[in-house]
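In the two complexes below, chain A is the common chain; its partner is chain B in one and chain C in the other.
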Partner chain A sequence: MTTDTLIIGLAGVLASAAPVLFAVLGETISERAGVINLSMNGTILLAAMGGFAVSVSTGSLFWGFITGMIIGGLVALVLAFSSITLKQSQVAVGFVLTMVCRDLSYFLGNPYMGLTGPRLSSWSIPVLKDIPIFGALLFRQDYLTYISYLGIIIVWVWIYKTRPGLILQGIGERPASAFVRGANVNRLRYIYTVLGGALIGLAGVTYSLSVKYGWKGTISGLDGIGWIALSITIFGGWDPIRAAFGCYLFSLLQWLGLVLQPALPNIPSQVLQVAPFPLMILTLLFVNIGNAEWVERTLAAIPEPSRKAISRLLRALRASPPAALGVPFESE
Partner chain B sequence: MKVELKAIHKSFGTVHANNNINLAIQAGTIQGILGENGAGKSTLMKVLSGFIQEDEGKILLDGKPISVRSPADAIQHGIGMLHQDPLDFPPMRIIDNFIVGREGGVFPNKKEARKDFIKLANEFDFALDPESYVDSLTVGERQQLEILRLLWLGVRVLILDEPTTGISALQKEKLFATLKTLAKQGKTIIFVSHKLEDVEQLCNQVAVLRQGILVGEADAPFEIDKLVEMMFSKVISVEAKQPCPFGNSALSLHNFVVEDYRLRLESVDLTLRAGEVIGLAGMEGSGQRPFLRACAGLLRPTQGKVIVGEKDLTGKPYLAYKNHGVGFLPASRLEEGLIPGLSLTEHFILAEKGQGMFIDRERWERETKERITSFNIRGTPLSPVEALSGGNQQRALLALLNSPLSLILLEHPTRGLDIESVIYIWGKLKERCRQGTAIIFVSADLEEILQYSDRVLVFFSGRVSPPLDASATSVEQLGQLIGGKGWAEKFEQQGDVYA
Partner chain C sequence: MLKNTRWANLLIQLAAVLMALLLTTLIMLAADAPPLEAYANIIKGSFGSLDRISKVLLSWIPLLLTTAGLLITFSTGLWNIGVEGQIVLGAIATTWVLRLFQDSAIAPGWIIFLSILAGMIGGAIWASLAGALKTFGGVNEIFGGLGLNFVATALTLWLIFGPWKRPGVGSMSGTQPFPEELWLPQIPDYDLSYWALGLAIASIVAVYFLLQGTYFGLRLKAVGKNFRAAHLLGIPTWQHMMAAFFLCGIFAGAAGAMQVTAVYHRLIPSISSGYGYLGLLVAMLVNYQAIWAAPVALFYAALNIGSIQLPIVLKMDSSLSGVLQGMLVLFVLMVEGIRQRYLRRT
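Moving on to the complex of A and B:
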């Protein structure tokens, strides 16, 4: 493999990670506010179909994207209303929504199967595109990939560096404390859930208008992405930068599955296609293993210098969820 | 700032938590609000701080009526409240905790905030590092952080809800000094407590609440007997100490080393005899918790032996300890001790072992009724445990202990309970001692430790003292020892040398 093809391949990894990233960022802000959006898998499908249908009918990419985001926002609004206002279980409502949205997308999407319409083109950033290696890797992409880079930074800065971001952490961590500090907890939870939902919707249309162009019903290959995004949110420890690493890792594993296939003819191709999923599970396991008591006990038996290093690594990887995740808030 | 509460009424369902409360508090004074658990103190303070709204009544500041619809409103008017469990964000840094809630632009000015924080912390001599995380702090330090934060927001009326629960003697001293300074600066301090000694030490006036009614007010110096009578409408006195005879060894620890990820305790050798009570004193986080849990078999000691009765149980699971007559009552009653959502009857059914697949409900409800009477629990067999008050939960936990037991381990057995419950709980425990049960308990209340234990172990940053004779130790001495002072003098004559 030449360097050029390698770079093009890796550039493709970055591009195909963009939709997963949108979904993960959306889920991250929603969960930071204390609301688990389990409708993600269905929302992505419905937004992909809806956004594609609108862009084909109107001939406008812009309206396609807007539609996808509105669909995501609306599904999240249903979740927000039932869990925040009606105080119903977020998990139960999320599951039902994910199934309804998936079947709805297959059913309503029938007339649009295999059609073509406007398609997002790539746009190289002047000057930056000519930087050796990095230019071809990072700056000869489509708009959405650029937006995904920006998204990581914006969400990270928002959560950790701004005043409203501190309150966002607070309402998911300990809503009563945020409340005594003047935050309108439930209104903010609505806002972040719907905003997160819109990002998840954007993930869907990013597939159907760019990364996996078109709508092919059940063989669109999008079913399951939402669950992976959910696990990456956890892997990312609710931190956008760690989550971005997770997205790129997943995307890289998928690409390797394709690239390695010709090099390893003895291994059935299905194994390489499926491998990224168990690998992601293993990573998750590894990240959170430090929480278990038996690990601490086992570590105690290891000689001093290496034990220190291992336990420090495990502690650095360990992340705990927002403490009030999934818990409704009432100010008595 | 003068605070007046006029004819405040607040009901929750059928419970009249505040019934026509009238109270005027002058600026520059420390006002005590005294009453047993459930007397309506917290409700009244939550009304004043905007956490909940009154059904009827008026709040006046300096003679002007104000409307407090939310905690944010209260802060606007200069009223701030320090809650019993400080309402902060444990996984966040101190400085971020400090900033959240202060109005301002999108990007907070951390430099400025840090400068203000350090200045305020120095003023009150609080040793808090703005960059450390709140979950590494003790309750006392978290209170200090909240006080600084409220002062930074310009609070002129500071309400403290049971602030001395769960903090060390030294932290309490510092807190009281701080409150006195603030009162001198002209701030109004409202101090809610069920502890008479705290009120006596600190307050200029006190108002006593009982069952939602303000039953009386008094000015310092207080007549304690009178206050007790107002609180309980009867006179209560603490039973004099009656040591019971000791029996055979109930628990012995040999070269016993415990560690958790923060702290390694030095080796302990100890023999506890049947009927004996040992109190564990020390600031929160000094190692009492892992020590007690290792004695219960919940944590494996790194080294050494645990012998219960005559049986070596080192490394055995909790169940083996339980079967050998060890009972453990954790500090967090609802999280570890009881199962929220299950009724008292269901708890008693679960505590009984081996009775087949199906449950004889009627029999157990009868049984539960009996135990409710004998343990003086205010509740019905079908009450879910989370609906009980703290004192009643603790009584239920005691009622759940099997009989007979050779050893009972307790973490903060009376934390947050009123005097009546404390006396009751210890009465029950002492009864067990007379039947030959040994007890080890952790408490932050030094007087409780000296009052009820025969010997005391002091914990200080990984060190464990040799056992002290409780009757030959004073509260002041113990207070110094848990702060790490006076170890050399105290233990040298016993043959141990400590730095």
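Moving on to the complex of A and C:
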């Protein structure tokens, strides 16, 4: 493999990570606010189908993207209403929505199967594109990939460096304290859930208008991506930078699966495509195992020098969810 | 009127069902599809003839088995979304034992019996993995289970295209079908097996009594209702969670075994047919009460089978049944929320 093909391959990894990133960032802000959006797998499909259908009918990419984001926001709104206002289990409603949206996308998308319409093209950034190696890697992509870079930074700055971001952390960690300090917890949860849903919708429509162009019903290859994004959100420990790292790692693994295919003729391609999942379970295990109580007890039994090293490693990997994740808030 | 809560509840549930039907109808109208003909075709396609009814019952069997298992984990407060993979592993273990003994001198009846037993163990082992990840690894059962689902699918594909491939070349149509003596005995002229039907009905009855009539079931529910309180009362909590996973895996594995021995007679890539996720919907719709599981699962199975006709007769996608199945649960959940919020003790 020459350096050029390697760079093109890696640039492809960055581009195909963009939709996963949108979904993960969306889920991250939603969960930061205390709401698990489990509808992601279905929302991505429905937004992909809806955005594609609108872009084919209107001939406009712009309206395609807007539609995808509106669909994502609306599904999240149903979830927010059911869980925040009606106090039903977020997991239950989210799971039902994921099933409904998936089947709805197959049902309504039937007439649009295999059609073609406008497609997002790439646009190299002047000057930056000529930087050796990095130019070809980072700056000869399409708009959405650039937006995905920006998205990581914006969400990170928002959560950690702004006042509203501080309140966002508060309503997910200690909603009662945030409320006492004047935050309208439930209204903010509504806003962040819908905003996160719109980002998840953007993820879907990024697939159908760019990364995996078109709508092919059950063989669109999008079923399952939402579940992956959900795992990456946890792997990312609700931190945008770490989440981005997870997205790129996942995208890289999938690409490696394709590249290594010729070297491993005995393994069917379908198996390599799911290769990231066992790794995902393992990483989840490493991320979470520090939270299990028996680990503390076992660690206490280990002699001093190695105990320090192990517990430091576990603490570095460890990620704890927002304390009020999934818990409804009542102001009285 | 509202004082008579039983009737009020029933009325409210009925309203939810009507709203789900109404919305599904509106969706069909929006898609330029004829709703009345669609519903008529679903009814005709599920209960129109004895052959159709036998197909509905055949699809009811794995769904009911899965739901029975899920009632146990739900009672323990666990979201066993990995049930899908547990069905798959049950099917794989069943196929493995059938392949192992198919050319041996053992009587076919015993081979089938052993293979179903293996399926139950396979499902239980896979469920225990999700349980161990949860109890010892701190990995939420939803995420561990989802990951294991994908791994189970990969395992199936690898077996079908690798070690267990058909003579010649492996294909998406699955492994070489087993000879007829290794099928669960069927009613002449129909695909339905009394044995499978009996197993499914016995399972849901057993789960009903386990949860309603035993001290063990009561402790499971205590763990599910309030984990900390149960722990403080001296109930060994993690052991009960593991037990719930294990038991659910047995029923899911049995569903997988039925898919192999009573339905497909081979291993296919989509051997679970989505019954795991459908079972989760059924369990939610019956509000985790075993008593309603059988009729609701039958209704869902009928929707599945009835919608097969839609693409052929009306050029409509069969996923319509999935839309209706989901909408029903969504509206029942929402209406329950509205009742709790606005109608409580008025």
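As a convention for this text, the second predicted complex is superposed on the first by the 312 of 332 C-alpha atoms of A that agree within 3 Å, B and C clash if a C-alpha of one lies under 4 Å from a C-alpha of the other, contacts with A are read in each partner's own complex, and residues count from 1 in each chain.
Keep in mind that, in the parts below, a contact is a pair of C-beta atoms (placed from the backbone, for glycine too) under 8 Å apart; a residue touches a chain by one contact, two chains touch by 3 or more.
None of these values were measured; they are calculated from a predicted model.
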{"item": "First, second, both or neither for A:162, with chain B first and chain C second", "value": "first"}
{"item": "Partner chain(s) touched by A:107 [first = chain B, second = chain C, both, neither]", "value": "second"}
{"item": "First, second, both or neither for A:99, with chain B first and chain C second", "value": "second"}
{"item": "Which of chain B and chain C A:300 touches, first, second, both or neither", "value": "first"}
{"item": "Contact breadth on chain A, by residue count: chain C or chain B", "value": "C"}
{"item": "Partner chain in contact with A:176 - chain B first, chain C second, else both or neither", "value": "first"}
{"item": "Doubly contacted chain A residues - partners chain C and chain B", "value": "none"}
{"item": "Chain B to chain A touching residues, read off their complex", "value": "46, 49, 51-52, 70-72, 75, 81, 83, 87-92, 96, 99-102, 104-108, 261, 300, 302"}
{"item": "Chain B partner contacts - residues on chain A that touch it in the complex", "value": "161-164, 166-167, 169-170, 173-174, 176-183, 296-297, 300, 311, 320, 323, 331-332"}
{"item": "Complex contacts: residues of chain A adjacent to chain C", "value": "38, 78, 81-82, 85-89, 91-93, 95-97, 99-100, 102-104, 106-108, 110-111, 217, 224, 227, 230-231, 234, 266-268, 270-271, 274-275, 277-278, 280-281, 284-285, 288-292, 294"}
{"item": "Residue ranges of chain C in contact with chain A within the complex", "value": "27, 30-31, 79, 81, 133, 136-140, 142-144, 146-148, 150-151, 153-154, 157-158, 161-162, 170, 277, 280-281, 284, 316-317, 319-323, 325-327, 329-330, 333-334, 336-338, 340-341"}
